[in-house]
Each structure stands twice: as C-alpha cells, then as structure tokens.
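Each of the next two complexes has subunit A plus one more chain, namely subunit B in the first and subunit C in the second.
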Partner chain A sequence: MAARDIVAAVFCCIGTFFFIIGTTGLIRMPDLFTRLHPSTKCDTLGACSVILGMAVHNGWSWDLLKLVFIMCFLLLSSATCGHAIGRSALRRNIPYWKKKEETEDGHGA
Partner chain B sequence: MKKVVALLFIVALAVLLLYVVANMPPMGDPENPTATHVISRYLERAEEETHTENVVTGVILNYRGYDTMGEVTVIFCALAGVLAVLGRERRGVIHAFVDRSEVPSSVIVKTMVRFVVPFIILFSVYTILHGETSPGGGFQGGAIIGGSMIIFTTIFGLYESSRRIPLKVRASLEGAAVMGFFLVGALGLLGGGNFLTYAWPRVARSLQPSLVVWLTVLVEVGVGLGGAMVLISILFAMIREEEEIAPAP
Partner chain C sequence: MTSGRAFGSKLLLFFLLLVFWVVLTASLALHELVMGAVCAAFVVTLTVALLGRALDPRITPGVLLRLPVFMVRLVWEIIKANLNVAGIILHPRLPVDPRIVEYRTYLPGDLPRTVFSDSITLTPGTVTVELKGDVLNVHCLCPYHEDGLPGLERLVAWLFGVKPPGEVKGDG
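Let's turn to the complex of A and B:
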C-alpha cells in the first residue's frame, strides 16, 4: 500500500511540475506560438500525469475506467485545440517574435 | 471634478460594503442564521422525505420546488427577451452561411468535433438522469447540451446545426422546463395533494417512494431539455445578429 502511495505521489508531483512550467511559460513567453508550446504541455503531460497518479492510487475499479476515458478525451481535445489555434494564427499571418538585434534574414546583427 | 466625485462615490461604497462585511455573522459558526433554521432538517430527513440520495437535488426540486420553478421561469423569460430584441434566426436569409472566417476549419478539427459531440451529449444525458443520486441534474445537463451545440455551431456553421435541431423541435421544447414543473404540480393536485407536492395522500404508502423518484426525474428531464433548447435558441439568435453586423466580404 505504501509503495503504491509513493508512486501516486511521484506521478502527481510530476504533473504539478509540468503545470507550473506550462503556466510560467504562458506568462513569460513573448508571442502566441511560443506560448502555445508550453501551454499545451499543461494538458498532455501535466494533467495526464496527475490522472495517472490518481489511477495508481485508486487501483483496479470502475473509477479507473472513468479516469482512462477522461485522459483519452483530454488528450484528443487538447491536441485538437492546440492545432486549431496554431493553424489559425499561422494562416492569419500573425507576426512571430524575433530578437530585437536580429535582422530580417534571421542572422544576428 | 468628475474624478473627485467618482472617488468620493467609490469611497462611500467601500465604507458601506466594509460596514456590512464587518456585521456579517462569523464564518463556520454553528449559531449562524443559515445553520439554525431549516438546514438541519434538510440534512437529517431529506433522504427519507424526498427519496433522493443527493440532498442538493432534494432541496432544489422538492423542498424549494416553487423557488426552482421561479428560476426556470426566469430562464424562459431571458429567452423571450432575447427573441423579442433579436428575433428568431431566419434560415432563408442565413441559407448562404458558410465558413466565412479567413481560415476555414481544418479536417482535424471537424473530425474531432464530429467524434466528441455525441459523447458530450451522452454525458449530459447521464448528468440529467443521474441527477437525483449524484452531483448534477437538469440545469447542468442542459448547459452541457448547449455547450456541445455551441462547439458544433462554431465549427460547422448555423446552417448545419439548425438542420440538426430545427426550429419546430426547439419551439415546442423551449417551455419544457416550465411545463415539466406545471405538469408535476398538476399531477400532485390530481393525486389529492397540493400543487407541487410530491407526496400523494390517496396513493398507497408503499408506492410513495417510487412515485416521488419518478416525479423528480420528470422535472429533471424537463429542466434539462428546456434549458438546452433555450441556450441553443439564444445562440442561434445571436449568430444571426453577428451576420447582419458583419456582411460577407
């Protein structure tokens, strides 16, 4: 029982870590595309690790099936969401961030 | 001058609010007015009196049935107000609605929405029908159906979604929440009780529990369907408005 609790706690800690990383990235990153990158990590790595931890903590029961379903729908919908935002932004020619000293052709000044 | 007046007003409001907050009963005190009157009876006897395992559902639909009926009427009135201002969507005019955004939605998004929306509706049906045993109920389930249709409409457009849920169906189901309450209330009168009493004196005592459960489920289904249709109708009316503001380029 104790070993299972430890594994669950480790998974939940990993999930929380990725949530913190993702949220920090969302605030700190300079433009839409770079913000999209960390914020999609929240749903996939963060939430799925937390759910995995809960599944380990829970053991074999019907609740496990529910958790698996939640994880599947979370993965599908979050990936689709990231794709839709990124594609829409790219097609609308939303300008992406460049370092100030960089010139147009991408080389450093 | 204007700023000074605004500042004075804000300060007066803040003082008033702080005064009220300071006079509020302390949080978590068992002597609070909220904890001394009816709440103990709800918690102790809700299960045997309303025959629902979920006390919240028992309070909302049984003890405070009149209150909830008023809320449902408010939702219906909201729809009536929106329709009075914006009007129904006219499919003849809107007929040419296609994806007019600069970026048409991709195949991935369309496939995902097609795949996920049935599951969302299934979940809302579960939420509505399971409302008297688990958290959830008519309002929540109706909101989930409305949300699923919002997703569908943003991706596939008004033409497709109003083809799935035509005006005829919506118009007859929009009042389902109010009608459900009135029906249950009237059935209570037929059973020999008062309006909206779930306990019927003329029915054998052994049948009472299942009777109460079925009447509660009837109200839940009515609230769920009515709420969903109200949300969808408001959404459709607002889409038409948007179309008229921004004509096709």
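Let's turn to the complex of A and C:
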C-alpha cells in the first residue's frame, strides 16, 4: 500500500521535526526550568507522532493497541518526570532565570 | 453500600487488567483468557491487601468512558500549544519571559489534582513544579501561557464530573 506508507512517512517526519525542535530548545533555553519545557513536551509529541506513523504503517492489528498503550505510558511518564525534575529543583532553591529588565526592576540590590 | 462500591471497584480493576492482558498476549484463545483472569484476580487481591482498596473511588465507569474524549481534547491542546512553543524556540530572539505562578484549584481530592497537574505539564509552556494542597506552582514560559490553565481545569472537572464553583470564586 503506497498511500499508507506515505502517510506513515509524513507522521514520522513530523515526529522527527518536533524532536529536532525539542533538542534545539534544550540547547537554546537559558536555565533548568525553561529547558524542562522543550524536553518534556516537544519530545513527547515527537515520539507520539513517530508511534502514530508506525501505527499507520502497521495497519489494523493487535500491535496497534500495544502502540496506543505505549503512547499513553509515554505521556504519563514524561509528565511525571518533568514534574519530578522541576520539583526537586524548586526544593533545592535553584533560582530560575528571569528576563533582565525585570530582575533589575524587582530586585534592585 | 460501601462494600458494594468496593466490589464494583475491584471488578473494574479486574476488567481493566484483563483488557491489558488480552492486548499484550494478542490473542483471544481460551487458555490465554483463563490465565489472564487468574493473573488479574491475583493482582486485584494483592492490590487490595497492600493498598486497602482496588481503585481510587473517583475512578468510575463514567470516568473511563469520558477518558478517550478527554484524551483527544488534551492531545488537541498539546498540539496547539506545541506549535506555539516551537515558534518560540525557533524565534531568533527567543522571546521567553518565564515566571512561577501560584494557581489555586477547586478540584477536590488527590486524583483530579494529579491529573490536572500532569495535564498542565504536558501542555507546553507550563510545568507544574509543586503541588501542595490545592495550590499549584506552575512555571510558565511566557505570561500568556498562564491563561490556558482555567480551560484545562474545566476539562479535568468535566472528566471527573466535578461541578465548578460559582463565578464569584471562579474569577479569583
């Protein structure tokens, strides 16, 4: 089935695109908290998109349901993981990056 | 009354585990189903013995029926917000203005609050970094990301059948 392969390839390309964006964000963002955003979300959407592409490629079978389960667990674990990192950073009082003007306004000293 | 509900919750967990088993074994053969039923019953017994209950009482068949719709709506939110964050990341000047805001939720109980904070974390631009009682500390990438929170809260409230409080409290 050529059409199915094309749709699968498109989904995988979208997923790869979001992976690239997530990695770019990881490098560009200024601190830990802001880095959590691209790493927990763009990567999740990218992985989900790749899984969706595999599901389309695979067609109707039991493996499709397994892929759906993998997607659900991925969403759950990624959110929990991001939360855990952010929380431990907050508890250790790691300061979070703010825009420069605001730092000067808010904390003069 | 309570024992009936506890039994229903056990039965629900049993069927969830059985469905999971069937998907993993990828077969509807009788011996697989019997084995799955035995394992599911064993896990339910262990869960009740260890945790004192099978499932959170807020998980009802109604919630499970609404879950797929909730997931679809959540995924739609995730996609929309992801495109927004992708735009921010690819923007040459990286226009981020992060801040940690406190958000007081009206959702009762641990489970709806957990689902809410997980949904917040999955929605780009916002990460729940702390959850104490009914106050969530949410790290927002840009100030306007905070505006999406009440909508998500309404979605989670709908999932668990929680009525939002009156408008007097709502706009606080």
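Criterion: the second predicted complex is superposed on the first by the 96 of 109 C-alpha atoms of A that agree within 3 Å, B and C clash if a C-alpha of one lies under 4 Å from a C-alpha of the other, contacts with A are read in each partner's own complex, and residues count from 1 in each chain.
Convention: contacts are C-beta pairs under 8 Å (C-beta built on N, C-alpha and C of every residue); 3 or more make two chains touch, one makes a residue touch a chain.
Remember, predicted model here, so these are calculated numbers, not experimental data.
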Should the superposition on subunit A be reported as showing a clash between subunit B and subunit C, or a fit?
-> fit
Scan A:80 for contacts with subunit B and subunit C and give back first, second, both or neither.
-> both
Chain touching more of subunit A, residue-wise (subunit B, subunit C) = C
For A:14, select first, second, both or neither according to whether it touches subunit B, subunit C, the two together, or no partner.
-> neither
Classify the contacts of A:70 with the two partner chains as first (subunit B alone), second (subunit C alone), both, or neither.
-> neither
Answer with first, second, both or neither: which of subunit B and subunit C does A:45 touch in the superposed model?
-> second
Angle at the Cα centre of subunit A spanned by the Cα centres of subunit C and subunit B: state it in steps of 10 degrees.
-> 90
May I ask you to decide whether A:92 touches subunit B, subunit C, both, or neither, giving the answer as first, second, both or neither?
-> first
Using only C-alpha atoms, work out how near subunit B sits to subunit C after the chain A superposition, in angstrom.
-> 5
Across the two complexes, find the residues of subunit A that touch subunit B and also touch subunit C.
-> 76, 80, 83, 87, 91
Over in the complex, which subunit B residues touch subunit A? Could you list them?
-> 102-103, 105-106, 108-109, 112, 115-116, 119
For subunit A, which residues count as touching subunit B in their complex?
-> 73, 76-77, 80, 83-84, 87-88, 91-92
Where on subunit C is subunit A touching in the complex?
-> 20, 23-24, 26-27, 71, 75, 78-79, 81-82, 85-86, 89-90, 94, 96-100, 117-119, 121-125, 127-130, 137, 139, 141
Sites on subunit A touched by subunit C in the complex | 18, 21, 24-25, 28-31, 33-34, 36-38, 40-42, 44-45, 48, 62-63, 65-66, 69, 72, 75-76, 78-80, 82-83, 86-87, 89-91, 96-99, 102
